[in-house]
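Shared between the two complexes below is chain A, which pairs with chain B and chain C, respectively.
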Partner chain A sequence: MLAAAGIAASLVALPASAQESGGTLVMVTQPEPPNLAPYISTSGPIGQVASKVYEGLVNIGPDFEILPSLAKSWEISDDGLTYTFSLQEGVTWHDGEPFTSADVQFGIMDVLREVHPRGGSLLQVIESVDTPDDLTAVLNLSEPAPYLLVALNGYESPIVAKHIFDGTDIRGNETANAPIGTGPFKFVEWQKGQYVRMDKNEDYWQDGKPYLDRVVVRFIADAATRTAAMESEEVLLGGFGAIPNIDVPALEELPYLEATTEGYGYFAPMMQLQFNTSKAPYDNEKVRQAIAYAVDRDFVVENIWFGFGKVATGPISSLFEPTGLYTTDGVIDYTVDDRIEKANALLDEAGYPRGDNGIRFSMVHDMTPYGEEWRRFGEYVKQALGEVGIAVDLRYEDVATWLKRVYTDYDYEMSSNWLFGLPDPVIGVHRQFHSDQIRQGTVFVNGMLWSTPEMDALMDKAKTENDPAARAELYKEFQQVVTEAAPVIFMHEMEFVTVYNTKLHDVVTGPLGIYNNFADMWMEQ
Partner chain B sequence: MTDAAAATVPAPPKRFMFWRRFARNRSALVGLAFLFLVILLAAIAPVIYPADPFALVGRPMLPPLSGDFLFGTDTLGRDVAAGIAHGARTSLFIGVVATLVAVAFGTLMGGLAGYYGGWIDDLLMRVTEVFQTIPSFIFAILLVAIMTPSMESVVIAIAVVSWPPLARLVRAEFISLRNREFVQAQVLMGMPDWKVILIQILPNAISPIIVAGSLLIATAILTESALAFLGLGDPNIMSWGFQVGAGRTVLRRAWWICTYPGVAILLTVLAINLVGEGLNDALNPRLRERS
Partner chain C sequence: MPNARLRYVARRIVQAIPILLAIVVLNFCLLKLAPGDAVDVLAGEAGSATPEYMAELRAKFGLDQPLPVQLVRYVGQIATGDFGYSFRHEMPVWDLIVDRLGPTAILMVTTIVLAVGVGVLLGLLAAVNLNTWKDSVISILALVSYATPLFWVGLMLIVVFSINLGWFPTSGMENVAAFYEGWDRVWDIAHHLVLPAITLSLFYLALYTRLMRASMLEQAGMDYVTTARAKGVKEGRITFKHILRNALLPVLTMAGVQVSAMIGGSVIVETVFGWPGLGQLAFESLFARDLNLLLGIFFLSAVLVLVVNLLVDILYTFLDPRIEL
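On to the complex of A and B.
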């Protein structure tokens, strides 16, 4: 116990504010998760609940700095191929078994690399994990991977217990609905359709934490009821769309509620229009650029997303500014004042003059079947492109049909879409633009059939470049060429809102937002 | 009532009889008048609002009576009044076409079942029951979702869920008529079946079909609106249900966006129902005194 106290003190220096202990946090998550197994699914609701129970080797700080978690410290060899993690001492699983480097080895090699949806590609570079002693884990990589450390956080790469999973069918493990982790909160019960209850882990390795006695995650199917529950202080916290954006302004006016769009940096959701670049006339760069000029991003954010969003400039979200990877330097600005003239001129140059009826050519625009805003956006696109002489017909299908059309049959011309940028371009951005990501039948990859050796080379270099400055330079060029080629029109960085009661403090402590473990959150008594 | 007075007047020609019976129902006249207005609106929509009703013509969410916008603008700045005018075309067109398809198919199924009886009747009625046991609106949603929302798929979906009650009605009429003496006489004289059905039975069964069909138009318009409300209408065609659906997220901030098209749906459906009642009174005079 003494040792544990020493470690807690050696962690990040916390501001000397008076955190109070106690209290039950009631949060609302939408929808109810199908299970509580974050090692087999990246589904949002699963992550929101299970991140309190499972932890990763590291955590992510407000400016994407890597903070200790289950790993106390780490060393990366000069060639970038060996990561040596020193683990926290005195950590136990919620069932009392000690946490050791064998859990790290098993968790990464046998669980995350095998069954996690992104683990297969993200952790592929890890060839083996050595365990020289119980508190040291050594990751041996096949090539440098500057994106690896950030991906070892508790939401993306939760470490599970070897003694529970070893020798069982990992996907069917009995703890999938009753997780046993090392985190600040222990799973207690799950009343299906109502709530998940988690209680304070008294033996948590960070002394004095967590501050909260209990976390209850409620599931309320109706959006208006969730807003009302927030209003009546029945629930104290909700995010990631649990409280509809449209209700936020009214809630914000209440003295006891606060709203923030912080805490989504990890996801960096980007709204876009994408072309099938194998079909004429969308194989013509000028046509794609003209369409990029023709849409008014400000109008879309203001009137369709009701102000929740920030006009995008390129493939990398401005949320990455702290990492140095984001730039607008030398990137084409499609929001200039004379954008309509530019669009018309480009279409003329491309060889599509207006016909007698004022129409240059016609297209079918597929709308993302995710609901109202996407319909409105499609209707807007039809009008905006009509203005520059492109006659648009709209098509709206169910999600499965649409995904198949875009990512399997490639039977589309232009579709709206949105993707997570995720905490490193290698994870979230490369999948859309690298030619090796033209994977028929796999969704949210390169559905534009976009392939240039130039861009591939840039991404390949950036993927293994460990020097931050050199990497930023590569991504600067990448942002310039992607935006100029415009296989995707970057519309806006979507914003989600976390609404919380002012009784709560330290709610959003980094880009993981409500996917954090809440060890630092406290409540005024 | 005015029956006594009517009896003293020499019987007018048959079509005037029909009109007089119809006109006796005041609310049916009101309904008919309103329906004419809607038809007129649909007819002149391209003249009074020549632009695309989806065009972004003003600032978003202008209240009614601002500038040129009688009913205001919606969340994207589209003219709500233009949408209502063009939506009238959609509603009426889909209502009438879907009903015609449903009536034609229902009459065919019911007619064959009622006329031939036996195993044909069994077979056709079991098929009808299959359709009747599926909740019709859910079925319509399913059909449109499978076929991809478009004008055609909406018409087909509405027709598919609307024909079974008609088939049952027509079957009952045919069963009672086929055993009447005048029909039996023709059969004995060797008239082919199709002639008996078309010339002898159908004209005598036409009144209830017309009444049921007129009411079906109202249901079809409601179904079309509900589908469009849920986002399952043709995305390229303006409709009232679409307008209500698109405006409902801002109901508290901009009530007019969904209120006016909602009222349009209400009044049109009410008018068609009143006209249907009037037709019922006029075509089934013996039932007239029931109320």
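On to the complex of A and C.
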């Protein structure tokens, strides 16, 4: 659907075209971030802006390989319990202070572990950070953590300056709206409601970079206007839904615009239907499987998401194929030809025969309050389940109300939803299926109230298994049992589109996409 | 007379205090009726959060306190002129609002001046040329622009003047690639203002045109006009000295109501043109359950409504000396 050549060109810098310095990149981000404190929120817009200012110890390459960033190199002990990082030399914060291992220690132990929404669970294994000298940081772990290294990237685990945060209320630090980092761009000003301006960091530790003189991130609330601004070349780049999928084909036809679905691998967003498995009849595996058979994933991708998406097979995204964790081996295929017959048979077996009016039972389906596609998807579900004898009523509320309903009150039967898979199942997938993730009032965790000792054991083992082959085996079994139990119906792996002006080069350089630091991006003058 | 006016103003200010208090309490209670809170939304946007993290946030925001305690605290704060803190923005509410006041005022003042000025003129023209082609054209134009949805007008103007002709920028208040200074900046903002101001004016302009026309016609049939004509006063003088002055009263009332609403901005036009006004801020904070910020905006609007109403009442006495305070 999208120009494959464009993707290839953007990923691989062609040797013929040397990078040129200069230029102002104007990008559009939707919605406007509430603040620029990525250490207290993983909210998408914050990440898109703040990732130019803050950096992490590592970066992530196109095939999920771990690349150096603030850490020049690292060694992992054989027992997997000690990570020794050698830091880059000559790195300074934007206020001129030198960056040292003390910042790494403070950033991880006192900031990320304390106030980051995922840090508390993700970095929990880090018991202490030693700083033998200014350029060496040693992380001591309580147990092996195969997911740790990838999580130390600049979006997930931004390192902040000790001299700015030490002794202050970290959450209320004054730099929450005016970040000071080590990244390729320095924060200049934020006109709320309009734009954030960041200028080139002349003292950046990578010589000759960044190429751009300035990055301005604009906020335009109306989708049609964002599209118009791309068209009139006032804005040169927009991703992650900033440009609605429905507008992409028309924009792509313009000679000066290009679109790509690359650069979302880190997030691996998964579209799903989830059940409240504590409520009848959704406590019945057969009913859940029947509904999983009844929905036509291909139809949904093609007609509701305009072809942007890939039919999902299970809890782990196919984007994980290079890591060996993804499999379809022994996993139930809910897209078979006779799926409707299967669904009807399962519902009969489960003890819900059709009544005189052809209806087995009725349900209220909550639609994710994220926009038009979700409404249309709800309407489709109503129709598809109607065919197998389930009468569906639809409910659409605002985000706060819906989150409370699903994750605090558990007052729902079946809801659509979408979650990030994130670069390791421990980070993105376990939170939905482990019984210790049934946490009332916490959003995007186990809202299905799903709990089986078998699945818990699998996840516990995979969490500390450092051997890739053994880990893959554990996740293979996990994918089989989750798909069979079907507390969640995996609909499709969502695809987002980044639209950019062809003046820009090296826009998407890895799975972090526009969450990267843009040090490598350059613009034709 | 000036003394009477001063006494009147003082009385109205005293009366305003219980009204404002009632507004604050009512707003607070209404907003608390909405399910979910700021922490739910923040955590929802973050994609994940631990329960300890959420409990900590609620404690920090004061959301763990019983509602009456929260209300008393808030009223106490407002009474001392403290608008509170927006935890979502990590900024004092007052700073957030002040940032948006300028752009809101630029857009709304331009709009009201355009709408009232042109509207009164067109209404007058239509009334004077009653039942001629001029009247019909003006009436039809007013009807069409009143009936067309604002967002559609905005988008069409963008398509024609920004994309096809390239005369005006699509959105924003300034050219963010250039960052102009001094007079260049003023010119740049004016350039960005054209499309949103026209879009918003079209709607109000229709309103004033129709109001002015009807008001002129009503006054033209009054006895004092017949008297004036019988005395031999010239038609032009009758129209401008007698009818126009009386016909302006309802228009003034209407403009007063609208000026009060101006601090709220226009969510639609601000959204379509990316104009950084208060309307959008209020709209976003509602969905984010950023109650401190929303209550602050509401409070300011309430104050403005009261002040403008008072001003309009005083203005009446100048336009029509028969009206007593």
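Assume the second predicted complex is superposed on the first by the 508 of 525 C-alpha atoms of A that agree within 3 Å, B and C clash if a C-alpha of one lies under 4 Å from a C-alpha of the other, contacts with A are read in each partner's own complex, and residues count from 1 in each chain.
By our rule, a contact is a pair of C-beta atoms (placed from the backbone, for glycine too) under 8 Å apart; a residue touches a chain by one contact, two chains touch by 3 or more.
Just so it is clear, the structure is predicted and the values come from calculations on it, not from any experiment.
K.L.:
Since both structures carry chain A, what do chain B and chain C do when superposed there: clash or fit?
P.N.:
Result for chain B and chain C: fit.
K.L.:
With the two complexes superposed on chain A, say which partner A:Gly355 touches: chain B (first), chain C (second), both, or neither.
P.N.:
A:Gly355 sits against neither chain B nor chain C.
K.L.:
Quick one: chain B or chain C, who's touching more of chain A?
P.N.:
When the residues of chain A touched by each partner are counted, C comes out ahead.
K.L.:
In the overlaid three-chain picture, which partner chain does A:Gly330 touch, first (chain B) or second (chain C), both, or neither?
P.N.:
So A:Gly330 meets neither chain B nor chain C here.
K.L.:
Put simply, what angle do chain B and chain C open at chain A, by C-alpha centres, to the nearest 10°?
P.N.:
Taking the centre of chain A as apex, the angle works out to 40 degrees.
K.L.:
For A:Glu231, decide between first (touching chain B), second (touching chain C), both and neither.
P.N.:
Only chain C is touched by A:Glu231; chain B is not.
K.L.:
If you stack the two complexes on chain A, which partner ends up touching A:Arg171: first (chain B), second (chain C), both, or neither?
P.N.:
second
K.L.:
Tell me which partner A:Gly22 touches in the superposition: chain B (first), chain C (second), both or neither.
P.N.:
A:Gly22: touches no partner chain.
K.L.:
Touch check for A:Ile304: first (chain B), second (chain C), both, or neither?
P.N.:
first
K.L.:
Quick one: is A:Pro98 in contact with chain B, with chain C, with both, or with neither? Answer first, second, both or neither.
P.N.:
neither
K.L.:
Which holds for A:Asp398: it touches chain B only (first), chain C only (second), both, or neither?
P.N.:
After superposition on chain A, A:Asp398 lies in contact with both partners, chain B and chain C.
K.L.:
For the superposed model, what is the least distance in angstrom between any CA atom of chain B and any CA atom of chain C?
P.N.:
7
K.L.:
On chain A, what residues does chain B touch that chain C touches as well?
P.N.:
In chain A, residues 398, 401 are touched by chain B and also by chain C.
K.L.:
Spell out the residues on chain B that touch chain A in their complex, using ranges where they run on.
P.N.:
52, 54-56, 60, 75-77, 145, 148-149, 231, 235-236, 245-246, 249-250
K.L.:
Applying the document's contact rule, which stretches of chain A touch chain C when the two form their complex?
P.N.:
24, 26, 31-32, 34-35, 37, 41-44, 115, 117-118, 120-121, 171-172, 176-177, 191-195, 197, 216, 218-222, 224-225, 228-229, 231-232, 234, 398-405, 407-408, 419-420, 431, 439-445
K.L.:
Considering the complex alone, what residue numbers of chain C touch chain A?
P.N.:
The contact residues of chain C facing chain A are 34-37, 40-55, 60, 88-91, 96, 99-100, 103, 151, 155, 158-159, 162-163, 166, 169-174, 176-177, 179, 270-274, 276-277, 280-281, 284, 287-289.
K.L.:
Along chain A, where are the residues that touch chain B in the complex?
P.N.:
Residues of chain A touching chain B: 246, 303-304, 367, 371-372, 375-376, 378-380, 382-383, 386, 393-398, 401.
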